[in-house]
Amino acid sequence: MSEPVLSVEGLVTSFPGSGGQRLTVVDDVSFSLDEGEVLALVGESGCGKSMTAFSIMRLVPKPGHIGPGSIRLCGKDVLSLRVTEMRDVRGSDAAMIFQEPMTSLNPVQTVGSQVVEAIRLHERISVGDARRRTAELFERVGIPDPADRLDAYPHELSGGLKQRVMIAMALSLRPRLLIADEPTTALDVTIQAQILELMRELQRELGTAILLITHDLGVVNELSDRIAVMYAGRIVEEAPRKTLLSAPRHPYTQGLLRSIPSLARAGERLAEIEGVVPAASEWPAGCRFSTRCPRVEDRCRSEPPRPHVFGPDHRAFCHVAAREAGA
Amino acid sequence: MGYVVSNVAVAVLVAGAFWVARSVRRSDLWRGAAVDLWRRRPVAIVVVGIYVAIGLLDSVSWVGGGGTAAGDLVAQHKPRSVIDRLFPESFKERSYSAPFATAEFYGGQPLGNPGRHVFGTDILGRDVLRLVLKGTRIALLIGGLTSLIVIPLALFFGICAGYFGGRIDDAVFFVMSTLASIPSLLLLIALIMAMGQGPVQVCIAMGVTSWVGFCRVVRGETFKLRELDYIQAARALGVSEARIILRHVLPNLMHLVVITFVLLFSGLVLSEAILAWLGIGIDGSWGQMIDQARDELARDPIVWWNLSAASAALFGLILAVNLLGDAVRDVLDPRTLREEP
Amino acid sequence: MLAYVIRRGLYGVVTILGVLGLLYVLFFLYADPLDMAQRAVGEKAPPEVLQQWIENHGYDRPAHVQLVDHYVRMLTFDFGRSDADDAPIARRLREGAIPSLSFTLPTFALGLPLAIGLSLFVAYFRETYIDRAGVVMAVLAMSVSVLLYIIGGQFLLGKLLHWFPISGFDASPDVILRFIALPVLIGVVGGVGSDVRFYRTVFVEETNRDYVRTARAKGCGDGRIMARHVLRNAMIPILTRVVVAIPFLFTGSLLVESFFGIPGLGAMTVEAIQGNDFSTLRVMVYIGALAFVGFQILTDISYTLVDPRVRLG
């Protein structure tokens, strides 16, 4: 078994909070991604999934600090790379696309020149050749009239087209890992489906591993091989897609799945998870979900749960679930 | 009777300050902002506070009390402020003297109050420290009174233009463009020459030349606020426009008012200094002191204390207000708020 | 493009008409012809002489006649004579233009790149001590009144160190540098503080935008980001600021020229103020407004060149 494309161990990312304490937005997160695999990182807003993605690319905004922990990407120890080496990694080993295509492209540059820039930052290739490659990429991602669009400005394109440009730019150097941070959240539902379809095709064709960050379980179902659920900075459950969606063990995951409205249960009250996510400064000492868990026990409040394996590739962090499985 | 007005104004200001402090303490948002501000720039706040205290002391005056020469009926019936009373009439010399000197600067005659003039005396023998302290009130007046003109004016026109749009907006925009097209110093000069050179006229003139910038900001913000869902909902419910403006639009502009007030203040005081140089400033201001002192550097030996004291006072206030203004903007501007992790 | 320019031009004309109206109100409705005559001729002059002066300058005509005359003459650039010394204003304008420009143009040409360069530098190092020190220095620099820069500069560099002549002006090409060096230096130093603070804020705001994050994610280095991405996007607020700053060049020239004895338009304005010379002052304000409106139109046009989102509609 070759080395995983991405291997994250005990990652901690923190920010200075008011009054001198540190806010740990990513707390001891570990997961790995094999060649060509799609891992979905799922959770509510503020659970730390985006920050995890930024940490991998070392794009965490200024007062934030990445570490301790380790991130191995394509065999390189990301956190110990020099800045110039990291720049080489970004775009060619791993690429990232973001949530807001509206603002993620430079408004005063043509979309073509932005992709060309991405290519020429890593390869010695003439502008003409880079433009040709860009036109091909545009065609591959389904942008109509690709050659003409090279000279279009971002504001002249729709949201869906802009996101296709972002995908083209991200895949222009055939990275082994693509990190997609809520790629469809800002798009219309019909466009969402198209973009997901595109990503699926490209993933099969290029064999790119994808780390898909999202809060939308529907998106997860479309695209992922494995799913990791995050809550309040920690991973609470990780399993292959079918297993997680059909037999989740962690109460939070169970609550999430239950809360999806279903036509099959028409007429019933919508199920919800009671309470709200606690603020980072108010996290309980034990399991962070203990304040809202329907199955909470005393032990949960004081002792952080350890991972328990429930099946092949299926682990969850829950005292109660572990005990029920015979731990 | 001017001094009575001044005393009343001070009382009103102090009462107003207490009222504002109480409102701030009640509102979470504003209280948090105030605490944040204190944390960032305590020194600037204290310095500004000292200036304000001096200005207030100079604004409270009354007639009578001691300190004047026995037969000087004129002086006895002149209202004198707290600051004035710190410097008895007899404190004057005949002409220049250096700080802490015991003799006159030119000629060496012994002084009436040797060693007591911290910043020396000017050409008329007046104690420079006293002049500087009294200039504080003028500076605060310039910033405060003018802002009192600028802010309501800009709010009124800006909200009307932004909220009602259409022809009203066209009219306001035209007036703004016209005023803005004239370089402000020139307009200022023209206004003062037309209206006369009293302190109130100078403040009005500065107000007229300064309201356009803030008005533009208010107009832009009001445009944006008007499109907000809850305002549209209020209008759909039939809430009167006036009520919407007072209850929803205006409170959302308050942070801009505070930022603008602080940022405008230093610009206004510096402008007055330039006016003073041109001969059309307000009597007794630091700018006027600087203007009167500019020839003194050409003398031999040079007379430096007049200029230095006024410059230092001016610089001190402006620097403190500027630093405070930066901090106020950081604390209140929603765009910078977004940068917190 | 042409339609846009024409439209902006027309609006500019309407604005100028408004400005002229405002000037009329200020100078004619408030001014008392007798006052002006006395100031020009002398308070003790006999009434017939005063009356003659008033007639010569046309201040005795009915208000509406003066209004029309005001508009017509200003719009045809027929500036008439100074109230103070009867000299033709237009000629003084021509004579004063070169000295003024010889000082304001270098100040502008040097000050702008310096401010932008310093701000880029400081913004590149944002949140570090370089940035903090830079901001504090900028605030310090802008808290000092222009007057003090002039007085201080003249005193220190002129009188004490004898590096520059204290005042005077000679337009001959071989010596002109000596005379404008100090004024230009003061003009640049006086303005750099507030410019740097403003530009730095703009640059830092731009670096926090999403597209900068995308650029980083594809491997762009910080330097390239500042120079290629941030700078171009920051041009819009920068352009606005530059235009707004142009009237300040004019202001600065008022003080600098009168203090350094440069016989330019600024000095002319100061004399007009001190001599209560309304007809000259009126012309100066008008010229200032014309220049300002002209520059604003230029800026609006340049927005379309810099920002592709601003399509001419």
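Residue numbering begins at 1 within each chain, and the chains themselves are lettered A, B and C in the order written.
The working rule: a contact is a pair of C-beta atoms (placed from the backbone, for glycine too) under 8 Å apart; a residue touches a chain by one contact, two chains touch by 3 or more.
Just so we're clear, the structure is a prediction, and the values are computed from it rather than from any experiment.
Summed over C-beta pairs in contact, the chain pair with the top total is B-C.
The chain with its CA mean position farthest from that of chain B is A. For the pair chain A and chain B, the distance between mean C-alpha positions equals 53 Å. Between the Cα centres of chain B and chain C there is a gap of 24 Å. Residue positions of chain B touching 2 or more other chains: none. Along chain A, residues 61, 63 each make contact with two or more other chains.
Among the residues of chain C, those in touch with two or more other chains are 208.
For chain C in complex with chain B, the touching residues are 11, 14-16, 18-19, 22-23, 26-27, 30-31, 135, 139-140, 142-148, 151, 155, 159, 205, 208, 247, 250-251, 254-255, 269-270, 273-274, 276, 278, 281, 284-285, 288-289, 292-293, 296.
Per the touch definition, chain B reaches chain C in the complex via residues 174-175, 177-187, 189-191, 193-195, 266, 270, 273-274, 277-280, 287, 290-291, 294, 297-298, 307, 311, 314-315, 318-319, 322-323, 326, 335, 339. Those residues of chain A that touch chain C in the complex are listed here as 57, 59, 61-63, 83-84, 87-92, 95-96, 98, 100, 103-109, 117-118, 121-122, 153, 155, 166, 169-170.
Residue ranges on chain C touching chain A, taken from their complex, read 126-127, 208-211, 213-221, 229, 232-233, 306-309.
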